[in-house]
Each structure stands twice: as structure tokens, then as C-alpha cells.
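Consider the two complexes below, in which chain A is the common component and chain B and chain C are the respective partners.
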Partner chain A sequence: MKTNQNLKTARPLHKRQIGWHLLMMLLVIIALVPVLFAFISSFKSMQELYNGSLLPSQITFDNYGEILSSLPIFKITLNTFIIAVTVTVFKVVTSTLAAYAFVFFDFKGKNVIYFFLICTIFIPFTVTMIPNYLTVSNLNLVDKIWGVVLPQLADASGIFLLRQTMKTVPRPLIEISHLDDISEMKILRNIIIPICRPAIISTGIIFFINSWNEYVWPTLILRSRENYTLSLAMQVFTDSEGGVEYTITLAMAVITMLLPLTLYLIFQKHIMSTFASSGIKG
Partner chain B sequence: MKNIHKPAVSTSRPDRARKTGKFLRPYLFLFPAAAVLAIFMFYPLIYTIYLSFFDWNMVKPVKEFVGFANYINMFQDPNIQKILVNTFLYIFLLLIFNFVAPYIFSFILSFVIKKGKNFYRSSIFLPSVISLVAGTMIFVWILNPISGPAAKIMEAFGQKVPIWSTTQGLVIVVISIITSWKIFGYNFIVALSGVGSIPLEIIEAARVDNIPLHKIFLKIVVPMSSSTGIYVLILAIVQGMQQVFTPINMITQGGPDYGSSNLIYNVYNEAFGFYKTGSASAYAILMMLIFIFLLVLEFKYVEKGVYYEN
Partner chain C sequence: MANKKDIIFKNVEKTFGKTKVIEHLDLHIREGERLILLGPSGCGKSTTLRMIAGLETISSGELVMEGKCVNDVPAGKRGVSMVFQNYALYPHMTVRDNICYALKAHKEEKEEIEKRLQMVLKIFGLETYVNRKPKELSGGQRQRVALARALVKRSPYLLLDEPLSNLDAQLRLQARKELVKVHQYYHQTFIYVTHDQVEAMTLGNRIALMREGKLMMLDTPYNVYHRPANVFTAKFIGSPATNIISAVWKNGLLHCGKYSLKLPDMWEKLIIASKETEFYLGIRPEHIHLHAGLSDNSLGGEVDYIEDYGNKMGIYFRMNGEEIISVDNTIPGSSGSSVSFTPDFRHIYIFEKKSENSIGYPPELDINISAQEKMMRDILSQGSQVKMGQDEVIHVHR
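Here is the complex of A and B:
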């Protein structure tokens, strides 16, 4: 009786797989189509975009040419890159050092300090925005890329992610090194960093991509076009009434997406596993 | 920090020096991160609370102390009701799109579907690496009511895309969808890490017993992955509410008539639109209190440890 019933359900279950796959495919389409769409449309003329044909009958590079001639796009890309690299390097270094302290030392106030640092992940930017703007302004860093960088030299989510990974390093290994009087920097360089390299790299890539895509804070700090980042340049082709030069804007979107997408395609596995580990609380 | 005293004959003094060195060491490692977070997170938090009791415009040399006037004015602001209702509508929609949906889909991917898991995972995650500014502009075109692709498709069915950016209510739905396009994948991956760690045998056993999928999900999966679940819930609200700022600022600037504004956007608007640091700070603190309430909720549940994956 029981086996019979199982047999009965076995077939419909298998059939039902197709339905589930269709559902998942729908998600995939929603995720990917806008990206493909931007790529294709950026090679269309305005006229063809409005015609609604799927593929351009003639590929045009005019949209990219227009960006080149109307914006200091190389300077803007360089600004975005410098900000993202600086922010990433600092965040990774400060997070690695802090995570090391939390995992391999016992000290007074450890849990309290950890709790407070992690709380900063949940502080909305609106709460820190005005005082940080005033600080940056007092340092004369408004409209300078360093004004964007300055408040972002550390990140509690990096401490969290790297702490998770460092916990997997065998503690006796570090304790023996301590007894042998090996300097902390040597321990970090020769033991910790090699073991945690995948996690450090993907945390770094995540920081880089997030900084590359950042919008709110640069909007407040940067004013003149030659100091813009790519995110800010996206709105240059929208006029004050909301009219948008769509083909050029979509070409701008492609330029902005290019580097993060390339990094993602290369480091996909690393990034996924690091993101996933952030879900498991420890 | 280096042991330059090593060759000394008497060991007592260097030993002590080494001991205090050792005692200070973890703090030295913490210092760079802690200093930055103190200066650019905790100090601003306190300063914002301070500013909420003053009338100021960022330029005037003197800040005028006004007590609770900013808070009282905030609750008498004719727009406060709209802003609060919108805020909760955003939170509700973000929860559906970025907590409920990823949770269910992570269950489907982990235990219902057998093939193509990696493909689904990496495709669905992909928008998470794309700038929301770019995503917003792409969607503004796709959903353009006159000539965008969505309008073209609707036209074939004799339908029209409403002018959503000026339609009360609908504008919030569309902005939430655009934001969710970017953040769904991230929450999905995090949910997957919790749901995916439930032992397969448990789910298989339930399926052999012919327990319907929705029951397996509600009675087994949700309780067994609750700590990750609550984390995703908080992510959906805290991250979602901050991300939603980008499309609001790019498309509507809070309009029509505060129709798409929320607490976060309103803080920005009061501060950098009207230069009213006092009321901006009061709104910021209100938002913070709502977040703290949600956080306490999370810690209460996680500390209780309804169920830990490992």
C-alpha cells in the first residue's frame, strides 16, 4: 500500500519539476533581461530605440562617442576607481587587524566592543549624514574625492565576515607562535593571510563593487563634473524636467556595469561563498 | 613591540614590558577600525541627537536651543502621516520582495529542484553587483509609459502603462520593485545558506510521507532556519530602506506631493533641501528608533536561539 502510494506520487513530482524550473527561469529572466537590454540598446540610435525593434539593424557607437565628447569620462572613471581602491584597501586592512584581535586574543571588553562595532552595520546613513558632511566640510574636502573616501576607511561587516573565516584557523597554531615569540605581523603575514586569502579577496571585491556603485554619499560631497564618479555621471543626460536621453544614458549604464560584472564573472565562486557565510551567525 | 631587550641579563623589567605590551596588543589591532567607526559612526550618531534639540541651518554661527520643539513640530507636520504611512508601505513591500520571496525560492532551489542549481544561483545573484543608479535608469526606460518596451508589449494587448511616477501608491510599488531587482539576489543567497544547511534527509522523509510542500516549508524549514531567517528579515528592512533612497532621489525626489517620500528620504530633504538640521535630525532619530526596535526583536530571537543551524 505504502510503496504503491509512493510510486503514484513519484511521477507527478517529476513532472512538476518543469513547473518549478519555469518559475526559477522567470526569476532569471527578470534578473538578466534588463542588463542585456541595456547592452543592446546602447548600440542603437535614438530612433531605433523608440521603434521598439529588438536588435539594432545597424550598430552605432554614437552614444559612446557622445559620452566621450560631453563628459571627462576617463577622469570620472579614474575618480571612481581611486575611491573604490582606497576604500577597499583600508577597509580590508582595518577589518583584518580587528578580526585578528577578536579571534586570537582574550581581552577586557571584547564582547562589548564587538557588539558596538557590529551595531554600526545597522545605523542608517541618514543618522550619520549631517555630522559627517560637516566634518568633511570643515576639513575642506567638499567636492574632493578624498571627502568621499574619508568616512569609509573601516567597515564592521568586513570585521564580521573575516572573523567568521579566521575562526576556522586552528587556535593552537597561533598560541604556539605566540609562545615562540614570533611577531604578530609575521603571524598575520605567514599564517593568517595565506589561510584566509579566499575570504579576504572576496571581501575586498565586495567592498570594491559596493564603493564603485555608491551613490548617496558622493551625491552630497562631489559638485563639479571633473570630480564626479560614474554613478553621478549617469544623471547628466537627464534634464531638469525629467527628459532623458535614453540611448546615451544606457551606454553610461553599460560603462558603469562593465567592471563589476567582469569581477563577478571571474570571482563568482569566491563571492558567493563569502556572501553566503554572512548568513550563518556565530 | 619588537623584543629589543632580549639580551638583557635581568629578565624582570623586559618581562613586565612584554606583559604590558601583550596586554595592549589586541587594542592596537582594534584601534584603526574602532577609531574610524567612532569618528564616523558613533560621534555622528550622538551629534545628530544633539542637533535634534537645536534650530540651525548648517551656516549660522549660533545654534539655537529649542528643546523638544523639533520633535513636536515633526508630529504636527501636515506631511508626517503620509511619510509614516509610506515608510511602512515601503517596509511591507520590501519584506514581501526581499524576505518572503527569497525565503520561499531558497527552499525551492534547495529541496524541490534537482538540476541547474548553480546556474540559477549565479544568475539571480548577478544584479546585486550592478549599480542601483544604472538599474534605476534601465527600469525608467523599460517602464516608460509612452515609448518604453513595457508600453510596447502592453500596447499589443490594447493596454497602457500608467504614468506610475506621478500616481500615488503605484509609485511606491514601482520604486520598491526597482530596488528589489538589485537586492533580491543578495538576500536570496543569504537565505539559501540557512535553508540549504537543513539536512536533506529530514525533507526527504517528510516528502516520502506525502506532506505537502507548503507544510514542509512552514513547519520544518522556517523553524529550522529561523536565525538566518531573522537576519534576512532585518537585512530586507535596514538595507532595503537605505537602498530605496536611490530610485526616489533619481525619479521622483519624494513626489508627487510627498507621495513617494519616506522617513529616510525626508531626512535628506529636510537637511539638504531646506537646510533644517534640527527637524532633519528629529526625523533621523525617529527612523533610528524604528530600526532599534527591529534590532531588539532580532537579538531577542537570535539570542533565544530558536534553532541554530550548526
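Here is the complex of A and C:
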């Protein structure tokens, strides 16, 4: 009798869990299919792609060969890397400093300034595109990777994310440091950054991936192929005169994906914990 | 005469927005004493402590430390160390790093840091935990690390903000003893915030009792308990609380409802000197010894409810409709029976009804005492003491 009752109460929960798991699996499939499609197709010939077969009958590396012969792909990867790293480092540093000030300093107009900063998150890129272009152009930075970097050295969303994390640091930790006459820089470096390290790393990764995938802004600034970034290089094969070379473009997409994917796998734990603690869904 | 290291509040006020949390505070904390800031939650005791630390600004008045006004001196320059209620240990650092962090940050010599570290580790029995992180420690160990970190600085003032409130009852008792011991080693000025009257009584040389931002009484534990200056103090200190009974002075007798008392001369003099007629009579539950029936010059009522505390009995009875508590070894009768008691006039308090302040205490209470009583008071007036073992006497550079 008892076990029967237990089964009865346990069953509905079990069913619901199965439902959730099915839903999540569906979402994973939806997210994964395009990636797998790109990966598999990058080893197919154009003909086979149009045949519609799921797996290639013969694996070909021609698409990758074509990329290597027609583009300075190592230089392009390096460009993308330099831009992404510089942007990430600057954004993380400025966000950390600003978040610290917003959480632990008391100054006049703090909330007003913070409000306006957060508002900038909601300004569409297209609004700032032209003024930014003019500034970069006047600085003679068109067709230079530093022209891509310059307007991206600070980011309000990073300040927001890190402020949320730093707010969870108990005040007494800071107060005890003040009582010990520890300078603010030392408090930041020795207390706050170590405690908030997971959040800082994952914020950095988000910045890195965003910058890595950046398309519109580099298109405006970069002209010559040796200055291209990876996402720009993809476009080379989509509108070349001989029609759209889908398999080569997909091979290019796979190359573009490689580094961010590796980084994500390494730092997965940190990224998950940040989103779990800040209550923001990625 | 003020010592150099005394802390003096001169008419200090603290407001948060429009709320006044501290009103006209005048408080003189003596060098090397253990002063307890006691009171119910929200009475301003933590704010007072944080003002000394420099973590809270002072709205008006003057705070004097080391002979100078320190209103604008930042926290780090006041030479105070502090233990927080939740210990505020750095979670990412080991016990060793937590204790030594401030010393290292100020570039103290390595040998000196190590020497001081070993000493506090020894005092608190933390030698085996040096390489653990706070999350791997129990509550009691964390509390000791926090204390060790505060002591390693050797600052002249040690501020403690309810440091024992997260410990269980047994550990708390042990920690109280440890704190007294630590004070006897270092002779820093201890300023200790608590809402626990037992902690206050056992740890303090003096107790500053606060209510709603005002200082209600500042005196030794003995006097706070035995000579309360007002109704609030009498009711706050002691458990169960002191019975407060309305009384009127008429025709040379103190009338409490239908009962009346003939007071001894020493009290009569004080009552007449106060020129008041309406009073509160305060009697502690342990000074009420009930017997069955009614007798002369006594107060009484009907037993309502009896509680067994194990070592004592709590007898609740109704007198003039009000509940009075007596704590005694014997039960005078079952519930519903009528009982009475004659107060022990050495152990009563009389307060003016209007101001709720004490009319004072007869000097006879302090003169006509036995040698034993005198010795006891002398010992207690210095607060709790701990015998120091031979191996525990460590030479401290001050």
C-alpha cells in the first residue's frame, strides 16, 4: 500500500521532469543543427550540398584549401584576435573600476550617472554608427584595426554585470579593510577582484565573443583584405562574382567558430556561475 | 582626569535623513576598560560603535580620541580594530592570510609578522588551522580567527559588534571567558556591543545602557543590576524582568492599590526629599518570597500560573489586576490560592512616576554591609576576571 501511494505522489513530478527534459533537448537540437550542418557541409563539395544528402559520401578539404589560397587567413585571424583581446581587456578594466566606484563609493549624483550609463545600453548601434565613423575617420583610423577598437573601449553592460556581482560582497569586508587603512586600489586588487573573479572572467568572455563576431562596424572601417576580421572574410565568398560559394563560406564559419568554442569549453563553469548568480539569462 | 587614550563623546548626534538615531550623547570611555554598549535592537549602540570606528560620520558634536577631535579622521587612521558580527573574514584567504593581511599590506617586517601570528594562533588554539579557508572552519573557529585578526594589529582600541551572537550557548560561554582573558593580556580598550544582558553583565567593567539613541545608564554591572537609575534599566536587566508596581505616597505609607507598606526611615527620607507623591516600586522576582495567606506590611495577590525552571520555580500572581512574578525555591500554594510577601527593603527600587527616574538609594545600603558583602562588591566592581595560567602569561610589547 505504502509503496503504491509513494508511486502515485511521485509520478506526476516525474512526468513533468520528462516534459522539461524533452523541451530542453528540443532547444538543444534547434541550437545545434545549424552548427552541425555548417561543420558537415564544410567537408562537402557544392554539388553534394545541393544533392541534399546528410553526410558527405567523400570528405573533401578543398573548401579549406580555397580559403588558404585566396585569403591571408592567418593575418585575418590575428587581426580578429588583437581586436577582440584589446576590446575585452579595456572593457573589463573600465567596467571593473566603474562598478567598484558605483558600489563602494558615495558621491553626489551617483544614481543619476549610473542611470544615464545604463541608458546607453539601449541606444541602437545604428544611432552611434555615423558619429563614430566620422570620429574614426577624422583620426585617420579608417582601414586600421585600431579604428575598430577605439569606440569599444568601455561598455555599460559590463559595468551593470559587475556592479550586480560586487553588490553581493558583504560590506564589512570593505569596512574591515578601511579600518586597516588599506588603499582602495589594494582593496580592489586583493579583495574584490579575487572574490568576483568568476564574474569578471565571464564578462570578459562575453565581450570577447561579441567582439569576435562583430560584423557591421568592421565592415565600415576595414577596406583591404589583409586588415579584415574573420566575419568580414566570410562575406568574401558570399557575394563573389561566381555566385555564392556556400561550402567555402561554411568552412570559413567553422574556422571563425573554433577559438570562441575552445574558450567557452575552458571557462564554461565560470560563465554558468555568473549567469546563475546575476539572474540574467544568456 | 582624562587619560590620553580615552574616548569622549561630547554632545554627539547622528541623523540618517530625518531620523535621529543618536541624541545628545555624552559618554566617556576610559582607557583600558571593557565598556559594553547594551540595549534593544535599534537603540543606536551599533551606530555609536561605528562612529568610534569612523565607519559612520558624526552629524553634530565632537568625538575625541587620543586628545584630538576625530570627527573628520578616516577609519584607517584612528588605530582601532574591529570584530564584526559575521566576522567579515576574507573568503578567498587562508586563516594565515586573513590574520596577516593588514600587516603585510603595511609592509611590516616578515619576522615581526610571523611572531605576532604565532602568538595569536597560540592564544586562540588555531595553530592547526592556519592553512584553512574560512568556509572550512566552524562558527567558533571563525569567530576566533576574526578576534585573532583584530588583535594582531595591537591597536589601542578593540571594537566588538555582537561577536558572539552567531555562536551556540556553550561556545558563547567559553568565548566570553576567552575575551576576558584576552583583555587581561593586552589591556586594550574594549568597546563591546550586545543586546544580551548576560554578556553585558559578565564582560563589562562598565555598561552603557541605551534606548532610542539615548544613554539610559552608565555604571558598573553591579550598579546597573542592583541600583538601576530608571524604570527602563530595571526592566531591561534581569530575567524575568523586574516587577514594576504603581504606588502612591500618602499619610506616611506607600499605597499599592489595596495594599500599603510602611517604609523604613532610610527610604522615607528619600521619598520626602523627592517631593513627589506618585511612584513606581521595583522589585526583582528573586527578591519576592511568597507565603500563604496575608500578613502585616505586605503585598499579595492570587496565584495565577506556576512554571518549573528546574532549579527554581516561577510563580505568577495577580496583584491589583497586574501580573507579578516571583522566582523562588518553594511554592506557597496552588493556582487560585492567595499569597503575600513582605518586601526586603534592601532590595527595592523606587522611581518617580513622572520621570521614571530613581529617587536614589539610601546610603545605609552601602554602609551597613558585612565584610563578606563588601569583598564581593569590590571584586565585582572590576568586572569578570580569569585566573591566568603560568604558561599563558606571554610578554606583550605595548
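What we mean here is this: the second predicted complex is superposed on the first by the 241 of 282 C-alpha atoms of A that agree within 3 Å, B and C clash if a C-alpha of one lies under 4 Å from a C-alpha of the other, contacts with A are read in each partner's own complex, and residues count from 1 in each chain.
Please note the rule applied: contacts are C-beta pairs under 8 Å (C-beta built on N, C-alpha and C of every residue); 3 or more make two chains touch, one makes a residue touch a chain.
Since the structure is predicted, the reported quantities are computational estimates derived from the model, not experimental observations.
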First (chain B), second (chain C), both or neither touched by A:Asn190: second
Which superposed partner A:Glu175 touches (first chain B, second chain C, both, neither): second
Partner chain in contact with A:Phe122 - chain B first, chain C second, else both or neither: first
Chain B or chain C, by number of chain A residues touched: B
Which of chain B and chain C A:Gly65 touches, first, second, both or neither: neither
Residues of chain A at both interfaces, chain B in one complex, chain C in the other: 181
Parts of chain B lying in touch with chain A, wherever the complex brings them together: 1-3, 23, 25-27, 29-30, 32-37, 39-45, 47-48, 51, 58, 105, 108-109, 112-116, 119-127, 129-135, 137-142, 144, 147, 149, 152, 181, 184-186, 189-194, 197, 207-208, 210, 227-228, 231-232, 234, 238, 241-242, 245-246, 249-250, 263-264, 267-268, 271-272, 277, 280-281, 283-285, 287-288, 291, 295, 302, 308-310
Chain B-touching residues of chain A, taken from the complex the two chains share: 5-6, 9, 13, 17, 20-21, 23-24, 27-28, 30-32, 34-35, 37-38, 41, 50, 52, 93-95, 97-98, 100-102, 105, 107, 110, 113, 116-117, 119-120, 122-132, 134-135, 150-154, 156, 159, 181, 183-184, 209, 212-213, 215-216, 219-220, 230-231, 234-235, 244, 246, 249-250, 252-253, 256-257, 260-261, 263-264, 268, 271-272, 275-282
Residues of chain A touching chain C in the complex: 170, 172-173, 175-176, 178-182, 186, 190-191, 194-195
Contact footprint of chain A on chain C as seen in their complex: 53-55, 74-77, 80-82, 84, 86, 88, 90-92, 101-102, 105-106, 153
